[in-house]
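Common to both upcoming complexes is subunit A, partnered first by subunit B, then by subunit C.
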Partner chain A sequence: MTHDIVLDRDVRDWVLVPLTASIFLMMLIRQYATQVLMGGASAAKVELKEVREKQALARSQLLRAAAGFIPESGFRQRRAYFAAKETGVFSQKSEQKSAQEQMITNPDMMSNMMKQNLSGIVPQIAMGAFVSYFFSGFILGKIPFPLSPSFRLMLQRGVDLPALDVTYFTSLSYYILLLFGLRGLLTLIFRDATIDETQMYRQQMGLGGGPGGPMGAMANPDPNKAFEAERAALDLTEHSWKLEGIEVAAVDTLRARLRAPPRLK
Partner chain B sequence: MGSTKKQLEQDLAELEHVGTSGRAEALRSYLRLVRELKVRDSENVTVLGEELLRKHRARLGAEELWLTMEQVATAALDCRALPLAASIVTQICEKFPESLRAARMMEMLLEARGKYEDASKLIQKHLEDAPDCQMLLKRQVALEKSQGNVGAAIEALRKYVDVFQTDREAWEELGSLYVQAQMYAQAAACYEEVLLHAPASIAAYVQLADVLYTAGPGPAGANSRAARTHYAAAVELSGGTNARALYGLCAVTAQLGGLRGAADPDGLAAAAAATLVQRYAEEAPAHLLPLAQEMLRAQGLTGKAGKTAASPRK
Partner chain C sequence: MQTAKERREKKSGKPAADIHALRNELILQKNVAHNAGVANFIGVFGALVAGMVAGLWGVTGWIGFTYYLAMHAVVSTLLLVKCGFNTKAFFQSRRALFIGEMFNSTLLLTFILFWTLAHNYTHLF
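This part shows the complex of A and B:
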């Protein structure tokens, strides 16, 4: 334990350097491949009607929140515009398609998802196989600080030696570390266009994601239901005049101001 | 608002004092401040920005360089420094041939030169590819407006707010266009929308009340009473410092007074008039006070109120 392990120089020349280089190259290739494959997808067109419907929902929420500040006639007009039985905006059938419909009618979406998965997962698997075939079982170096034995699983993947000090790390662990750690370096090279892996995982888990992405559409519930809910909420909203008695309050404010001592210039 | 102005003045003053060595840095920080605060200070931006671009161009990073170019070009157009604007816009368009933002700059240049046909064609061409480009849709409105076609501008802006319904500034602009066209009912609807978006904004209350007052008393004085309420709200929110709201209260009460007897049951207009007189006595040059008093008397408001308010001061 007290003696350091002496590592062969060839390990550096034939494992450390080629491993680092091949990971970096793989990430570069992936970056460019994704850019080529997803080139058309990022400029997905937004339908004006969709924007209109989303904004109508937002505006109706505003109306419900602040109805008391405008005269009642104005409120009635707006409620009729949104929620009238036949002609209201929310009584129309939504032009937006729900997520399932979109999947069926829009083959683009399917292929986009395929492309994303292809560019994300396939190289990962290939690279994993490549690395574990050529580079597994080497000890590459030593961490300059002591660690508890529970880190063995993380740092000594591929080398099953209980007697080995935990601070030595192996080539497979180094590979995993680099896989996630090199993103910062890529960001320096490509600025914003770097593929964000964590973002992609999050999207694949269905935990939200960009509104433009195919997964974002999935999180979008049925727009017709949203219309229906908003219409019901509007119907329930009563106009309560929030500026009731504001004149009296204003008179009090002004009189208090008049009584106050004159301001110094 | 006051603090931003102070900040800008500080930065400008600093520019006076730094020597040539620190000047590039000072110029940059001033332009950045103007960008971030979104204030309109076109003359200074044109002169100083041109200097920065001419002498210290190499010091700007790629992103800041093009942001500055856009800013200076816009300011130059605002000051009608067309040759400068043209040279910058050409550079921008060469660098970003596909960009809608560059197209907007080019359109603004064409518009400033009076080539309205070409500008309109340019907008149409780009809108075909990107019908949801808010910048260009707004430019379309501005283009009509700069030619004086209020009707066409209203039409274009109506189409815009029909889609982008939560754009407060657009509603405000549409309201002012309707006022220009003397369509007060429609203008009031627009300003109501502004108020919905910002129920804590004093200006929104005053704008809406102004339009309601201008529209005339309405059936049984409904417009005037609504205007009075909104002016009162502005007075309450501003603590009585908004002079326009105070004047509005006086005017709208006079308007109501023509209709029926007791237009000022709660003494609001009298208090507003007294506040105005007090503020003139405290803050304005002396010769303005009699003028204000005269006007308020003509509206039947001072007489007693003005004296009672002014007398304890003396």
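This part shows the complex of A and C:
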């Protein structure tokens, strides 16, 4: 279709490979830096009362989910422990402040958020500036599949040649492609502990319009409301015994298994 | 001869529990998450290798995505064989796992990146 642009081999050796390697190394360093910075903070002191209340909420959720596996009397006892009028756990006033107060009075939270931003977004911006300063203004490579012209703005930032084939990209857009593509490679190296920045953005945008949402170590926005909701849900749960006749089934299973005598290894 | 279920019902007079339905409810979340992580690992690795192969062979155009689909089919088949076609015991949802992952953005982007990289390195310069 169009003429293939012949690119200098030096461009490949001195730009493509070093750029890829340096972005990959930056992501590695960011991963380790986040672990080091955040690892210290997660050992922060947590209030006993707060932990107790969160655990009570978690337990009652488990109770609601697995109510069918315990006998009815057991379920009623547990429910009374949580939801009784005077003595139930959820009838006590929660002793925590709301999230707003916590944010002000707890200096750890602010530093947490700052560390999160620092280790997440700032290196990206810094690398972006570095890339666009050093490797600006020339074509790095070509996307192997054809694209519509509307991708021109995304792929050829900084270069303004309408006659150039859309599939050629410049360094800045290659940087962004690398950022997204190397995420997969990082999940190969760090299985579960990959810092996924899209999750961070989602978390910050979703939880609260204020200065960022809680980091996960803090309580619900309003613990009293959470208690109320949990108590109402508990009152609604019905107990349906799921293990009806299970003892006969157990006998059958055992008989079937014992027909073949166990092999001694 | 009564079936087992009838025997159970006869004993207590209430409808017997469905053992096989119960088996689906007793699932450890942690293990299912681990399995999903393993499937993701295999997927990313396959996308990487498929991208490199497509790039080294000099495939251009939309045909190259057949490499990705072929890789996905192979990986899914191998996973199915590995878990003995009993996806319910190991993963959360059956077909959604494989069909949903076909256009997973991480896998696609890894494939595209390594395809571009390999193709540019070997064929463009």
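Simple rule for what comes next: the second predicted complex is superposed on the first by the 155 of 265 C-alpha atoms of A that agree within 3 Å, B and C clash if a C-alpha of one lies under 4 Å from a C-alpha of the other, contacts with A are read in each partner's own complex, and residues count from 1 in each chain.
Throughout what follows, a residue touches a chain if its C-beta (ideal position, glycine included) is under 8 Å from a C-beta of that chain, and two chains touch if they have at least 3 such contacts.
For clarity, every value in this text was computed on a predicted model and none was experimentally measured.
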First, second, both or neither for A:Arg9, with subunit B first and subunit C second: second
Subunit B versus subunit C as contact partner of A:Arg183, first or second or both or neither: second
Which of subunit B and subunit C A:Gln77 touches, first, second, both or neither: first
Contacts of A:Asp235 with subunit B and subunit C, given as first, second, both or neither: neither
First, second, both or neither for A:Ile143, with subunit B first and subunit C second: second
Partner chain in contact with A:Arg52 - subunit B first, subunit C second, else both or neither: first
Subunit B/subunit C common contact set on subunit A: 243, 246, 248-249
Parts of subunit A lying in touch with subunit B, wherever the complex brings them together: 45-48, 51-52, 55-56, 58-59, 62-63, 66-67, 69-71, 74, 77, 243, 246-251, 253-255, 257-258, 262-263, 265
Touch list for subunit B against partner subunit A, complex: 131-132, 162-166, 188-189, 192, 195-197, 199, 208, 226, 228-230, 232-233, 235-236, 239-240, 266-268, 271-272, 274-275, 278, 282-283, 309, 313
List of subunit C residues in touch with subunit A within their complex: 4, 7-9, 11-12, 14-17, 19, 22, 25, 37, 40-41, 44-45, 47-48, 54-55, 59-62, 64-65, 105-107, 109-110, 112-117, 119-121, 124-125
In the complex, subunit A residues that touch subunit C: 7-9, 11-12, 16-17, 20, 140-146, 177-178, 180-185, 187-188, 191-192, 242-246, 248-249, 252
